[in-house]
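Below: the structure, in structure tokens.
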Amino acid sequence: MKTRNFFAHPQALVESERIGAGTRIWAFAHVLRGARIGRDCNIGDHAFIEGGAVVGHRVTVKNGVMIWDGVSIADGVFLGPNVVFTNDRTPRSPRLPQVAERYRSGKWISRTRVERGASIGAGAVVVSGVTIGRFAMIGAGAVVTKDVPPHALVVGVPAVPRGWVSEAGQKLEFDAAGLARCPSSGQRYRLRGGKPVKLQ
Amino acid sequence: MKTRNFFAHPQALVESERIGAGTRIWAFAHVLRGARIGRDCNIGDHAFIEGGAVVGHRVTVKNGVMIWDGVSIADGVFLGPNVVFTNDRTPRSPRLPQVAERYRSGKWISRTRVERGASIGAGAVVVSGVTIGRFAMIGAGAVVTKDVPPHALVVGVPAVPRGWVSEAGQKLEFDAAGLARCPSSGQRYRLRGGKPVKLQ
Amino acid sequence: MKTRNFFAHPQALVESERIGAGTRIWAFAHVLRGARIGRDCNIGDHAFIEGGAVVGHRVTVKNGVMIWDGVSIADGVFLGPNVVFTNDRTPRSPRLPQVAERYRSGKWISRTRVERGASIGAGAVVVSGVTIGRFAMIGAGAVVTKDVPPHALVVGVPAVPRGWVSEAGQKLEFDAAGLARCPSSGQRYRLRGGKPVKLQ
């Protein structure tokens, strides 16, 4: 007999067996067969995780988030409420005769990766085929259409750069010498090649 | 005794009888009495289709889409995840005394039409009172505030034109002679009066 | 024995006892323990109202709206489908070691207030820490990042002013003398200090 060591709300539908210990899945959420979810995640109400999607450890998936086949989410990521991913850059209804061939092939899927510790704000939409770098922060309501570098803050439609954030998610203000200090953790960063690097 | 020839997930709520053969309705979706849905549609989890809404054949309604009274969707349309329609251009809470009269009258509804084969990207919002032409493509996260011509690609908030797409959803690059070829199907198009027309 | 004098759909989850008479809560909606909701509200399918959230009387909460701890909604407000609130301006996954301290403290919550009679259009996102004034109107798909004055119409990402609306939600066109008349109710308004004031 198999013991589940994650929690699922009685109104959640959980069809995958590959869910880590300590993870909690809330009401009206639906995790499909073939989805993989790590340890100590929190999956909010009305979330949907499709077969083929991969979610790491300690990820926060707020309510209504949709994660499709082709999307992978690394450890410690925050996905705000109603964040929507996609996996098709030129979608048509697959039962339209003009595109039936394309959807039969399986080649239509375009992949998306969200790296360790990144945050995606409420209601943001991620157009498929991009990588969101580690500890990046996507503003609420942004539409991400290209790669986002590590630690970058991006906002708007389409999302454009607006500065840099620390691992703790706080704005980094670099001085003339290219040094900044996270106002929350005290951790120091240096700009190297125009990008923040954490100092030991 | 009546035989349903569509599929409804045990957790779906289906209160309409006017649903075509081969249509599938998934978990936590809700189809209200008075909604009409054609054949061979796919209605994703958490979708909501109100009485008075009309959905054609072979339509893909991804998860979380909301289709209200006053909205009609033609055959072969793709509605991406979390696409939201509206049916009131100046909404107030109907139980606010200042507007009780307006909502009693029923005249507040403004209609929206999505024509054959069009696609609406994830998280897009369609402000009511518009027509989205056949085989148009609405970018992810766009906010549509006016009519979209057939085959047009529109993106942004508010949505603005960005080019043309084929029936198969591929970008059409017109040459100096006003001719283009769909890179997926090989189908040829000509600009006539500034708009793409499919050649036989 | 306690009598509930509100309506809850059999598929709704209602864990709060503080819900006013005449309020209706529809399928797959979830109202958590500690949420407060007034009289004669309408809470649509798939809505989510967290403990600590406060909703006044005669409020319309359309489908899929998410109202978190720290958000308060005054009487007569309209929240369109898929409107999303937030309550954290620099979100990270709380189980990320770099931010565990911040989330333990409870000090991370930033509050949002929507005043009497305001409307928020479909799919709009409200970044936390703002006040939306009475009878303001937020356009569909807008992203609100700062305070919105009473009677203001704002649209876009980020939301910017576009004019003024009456209590009945109709555009106010002020003449050279600074006077306007609501085309729906006939109610007259005067600009005072650049802001609309209702005349008796």
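When the chains are written out, they are named A, B and C in that same order, and each has its own residue count from 1.
Methods note: a contact is a pair of C-beta atoms (placed from the backbone, for glycine too) under 8 Å apart; a residue touches a chain by one contact, two chains touch by 3 or more.
Quick caveat: nothing in here was measured; it's all calculated off a predicted structure.
Viewed as a contact network, the protein chains are fully connected, with every chain touching every other. Of all residue numbers that take part in the contact between subunit A and subunit B, under half occur on both sides, making this a different-residue interface.
Rounded to whole angstrom, the centroid-to-centroid distance between subunit A and subunit B, based on C-alpha atoms, equals 27 Å. Shown for subunit A are the residues that touch two or more other chains, namely 28, 46, 64, 82, 123, 157. The residues of subunit B lying in touch with subunit C in their complex are 13, 28, 30, 46, 48, 64, 66, 82, 84-86, 90-96, 98-99, 102, 123, 125, 127, 143, 157-158. Here subunit B touches subunit A in the complex through residues 11, 27-28, 40, 42, 45-46, 58-60, 63-64, 76-78, 80-82, 117, 119, 121-123, 137, 139-142, 155-157, 165, 167-170, 184-185, going by the rule given at the top.
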